[in-house]
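Labels for the chains are A, B, C and D, by order of writing; each one numbers its residues from 1.
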């Protein structure tokens, strides 16, 4: 049996969901037999494959780079899993949504800056006017809420998806 | 029946409080007279300020938060004084179909005031109404209590210019 | 006179003053609630407890409806499940429920309901309406971002404490619970600082200051105590 | 006061009017007043005075219907009507009395606008002086109340109302007699009768007209209802935005009290009925009966779950009968002429007439009263005179924010409660707004949703948040930004808000969207964009 191609993507989030994913203990050994991690912040390969069987997304869509990345990922993924509250609801990154963008830039790069005062015009990806959960930008197949989702749940969801099911996840936010 | 005189004195010796007191007396100072009394204050003073709300609450034995809840529920009540002149644009369906939203926008742009607010110089309050019941005269507006039928944007601006120019108020 | 009717096919009976919800709870049938709290008057506002009645196209609120003889009530149809999830989605979209408290202690009824009713994500757009936090009271604080406008605080303050410092102002989406004349809570002269509002709040909107989040326990035992007194006193 | 005295007053007033060779009536209802009817009346009086004492009587009267062409003046016995009259026309009108009418002002009273109407509710509108109780009495006013009090036991009155087939004119069409019967049968020594004059539908002014043009009719209807159900206290709940209606109702109450037609021991019987006016303070939701009662009790006008219905537990927990203005206005003629007469007008389960406020893109704008069962086509093309500027008819909106938009292919549908409901609309209180091919139906739906959103009381979640969500989605359509998923969500919300909201406002808030999606779906589809997000 060939191994399933699994990718993980880190958008705007704290990486806690990735940590939780790594926390699945001995299940990691089971998974290692079944999957090949083809793209991830955790591995060296920085080119997204032609077609991943499963992609796990952590984080909300905050910047133009996030938007570009997730659209590319969606187009090259069979099953897309939104992992954690940031991907599912926008969560902490989306708390900026009540403020206009110029105020946010101003606070970050001018008011509180001591060096290089002023909003950067290059190198930093421009922010979107509103932070959005992944499913408002591309189609999501599986939602796994939690901040972070417990490791056991992540493991179960991945095994379910590999078995060809779309699991009904009943997990709490937060 | 409750007492026949208000348990506390009005916030000031302004004679208009007599009208308010008369309303409360007519209803025996019952809490149920809250809306009627606030109507009285609104009509006598043009708005409901904090003193008025505290006075009415105390006189009618209504909790402060309940009075505030009622005062902010009904659109007829305002907590801030309006401008010297008022222009109301009807946004009822008949007026809407005939373009009253554009007229409102034109007035808002021309006088730099958002609907529901008063200009910085306190000369004009630009208001909207849900339906003034003059659908036969759509699109209609009310300028200082006078209904103006079949408005156009240019006409409305001219009328309001005239209104705020005159020395009164 | 007692009535006999059916809930989810089960034969049940109700006393005259029992609502559908009370009978269901008596028989261990789960109907989700949010604005309802045993011991306070009911308002039928959150609509989570809606149930279907055979022959009636419009569901009714179980907390506010008295059963009739022979009625057939259904509490958990697919249609109701869909409606309830959408109600929760509306609440999550209306306020800001990104809440550090809920992560830890699990005492948030809204969070619990979302899990229980299987709301895993929100199909609606978030409204992103900024709301205030009032921490002017020396012991308590209110975060309007978490408020679901269930009015339990308004009712407990009026019906049990008798202070009526809480009420609702405005209308529609601009509704907000207020203390006195929409003034800082700390300036309220009539607040007895009894803390009952804190204990009945289903979310983290009303909370005690200087408590570690994990300690934020809700205690509504006093409501049962008061209901007992009332039942005896009437 | 007894029947003889009432007849004396009537005879005296009729004789007073008959003294004059000519009677010139000027409409002084809100519509005509706002285009200068008061000045016209003054000018007519001014020019009539020199003609001698009993030459001509100039009267201020209620609405004559053709509000879009005001100020309106009618001349009796010549039977002529003038439109768009100015004070400068007064000499010509006065000089023409007894001679050839003033052709340039004449309005064709043989036009279908006038001939196809059937007037019951508005029978006195435009004829009597609303500020003089004698004028109402001279046209048979208060005789129904006398008849009820002196000849009919309360249950006979209810039977008459039941047999007449009258249904609530406020919108839902609940059988009036049944409502009365429930209140009558609920035992209590204290009961209330409430007249719902909180006409809040944008585009509707039927109730205002009755209160302004014939206020005593409403009071008489309420008094008969109070007698029938055993109430002795009544409230008229009127919008503060209708100052003239408020003033006239208040004046009418004082006049009726003075004559002993309201108050204690009416007509020497043991029946007491006292009426007070309560002002609505600008909240559409107060048209909903439980919200209206909360408002009369001095509270925030938020609805509560029903049952219990007001008939069992209403104002302050007492049994309360709530009917709208037009419903009460139908009562005196039913009692006067009998249930059989009333039931002979109309069709099927919809009896009598209905008053509509015809407005929008239509030639004859104004108030009309038509028999139930008339087709929409007859109303729009015959009575309404068709669409102006050579444009094509697109839809007619009935029922205000709770109603729907009916397209051209359904114009032959009869106007009755059931037929309109089958078209995702409602009879409603009587607003009828005509739209031509320049109107975007998506924008119309958005307009009504904006209304519902800002009038939502905020108590229940589906209405408070659902209307905002639907408004945002409709805005996406308006801005050509919507996706298939938005359309799906919109339809899901329509269903959910309709079936889970606490009161009628929320339950009917999606109607405008539902009906436009049903009949004008392509207008929504034209405004959609391709999206990378899949359906559902």
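By our rule, a residue touches a chain if its C-beta (ideal position, glycine included) is under 8 Å from a C-beta of that chain, and two chains touch if they have at least 3 such contacts.
Small disclaimer: the values here were computed from a predicted structure and weren't measured.
**Q** Which interface, named by its two chains, has the most contact pairs?
**A** Looking at every pair of chains, the most contacts join B-D.
**Q** Where the CA atoms of subunit C average out and where those of subunit D average out, how many Å apart are those spots?
**A** Comparing mean C-alpha positions, subunit D is 39 Å from subunit C.
**Q** Distance-wise, how many Å sit between the C-alpha centres of subunit A and subunit C, to the nearest whole number?
**A** 34
**Q** Between subunit B and subunit D, what distance separates the C-alpha centroids? Give it in angstrom.
**A** Here the centre of subunit D sits 25 Å away from the centre of subunit B.
**Q** Taking each chain's centre as its mean C-alpha position, how far apart are subunit B and subunit C in Å?
**A** 35
**Q** Can you pull out the residues of subunit A that are in contact with at least two other chains?
**A** 135-136
**Q** Give me the residue numbers in subunit C that touch at least two other chains, ranges are fine.
**A** Those would be 125, 168, 170-171.
**Q** So which bits of subunit B are touching at least two other chains?
**A** Expected reply: 66, 69, 73.
**Q** How would one label the connectivity among the chains shown: line, ring, star, complete, or other?
**A** Shape = other; not a path, cycle, star or full graph.
**Q** Under the definition above, what is the set of subunit C residues touching subunit D in their complex?
**A** On the subunit C side, the touching residues are 43-47, 50, 57-61, 64-66, 82-83, 86-87, 90-91, 93-94, 123-125, 127, 148-149, 168, 170-175.
**Q** Once bound in the complex, which stretches of subunit B touch subunit C?
**A** Where subunit B meets subunit C, its residues are 50, 53-54, 63-69, 72-73.
**Q** Which residues, counting only subunit C, touch subunit B once they are in their complex?
**A** 158, 164-171, 178-182, 190
**Q** What does subunit C use to touch subunit A in their complex?
**A** 92, 96-99, 102-103, 106, 108, 111-112, 114-116, 118, 120-122, 125-126, 128-130
**Q** How about subunit B: which of its residues touch subunit D in the complex?
**A** Result: residues 31-36, 38-39, 62, 66, 69-70, 73-77, 91-98, 129-138, 140, 146-149 of subunit B touch subunit D.
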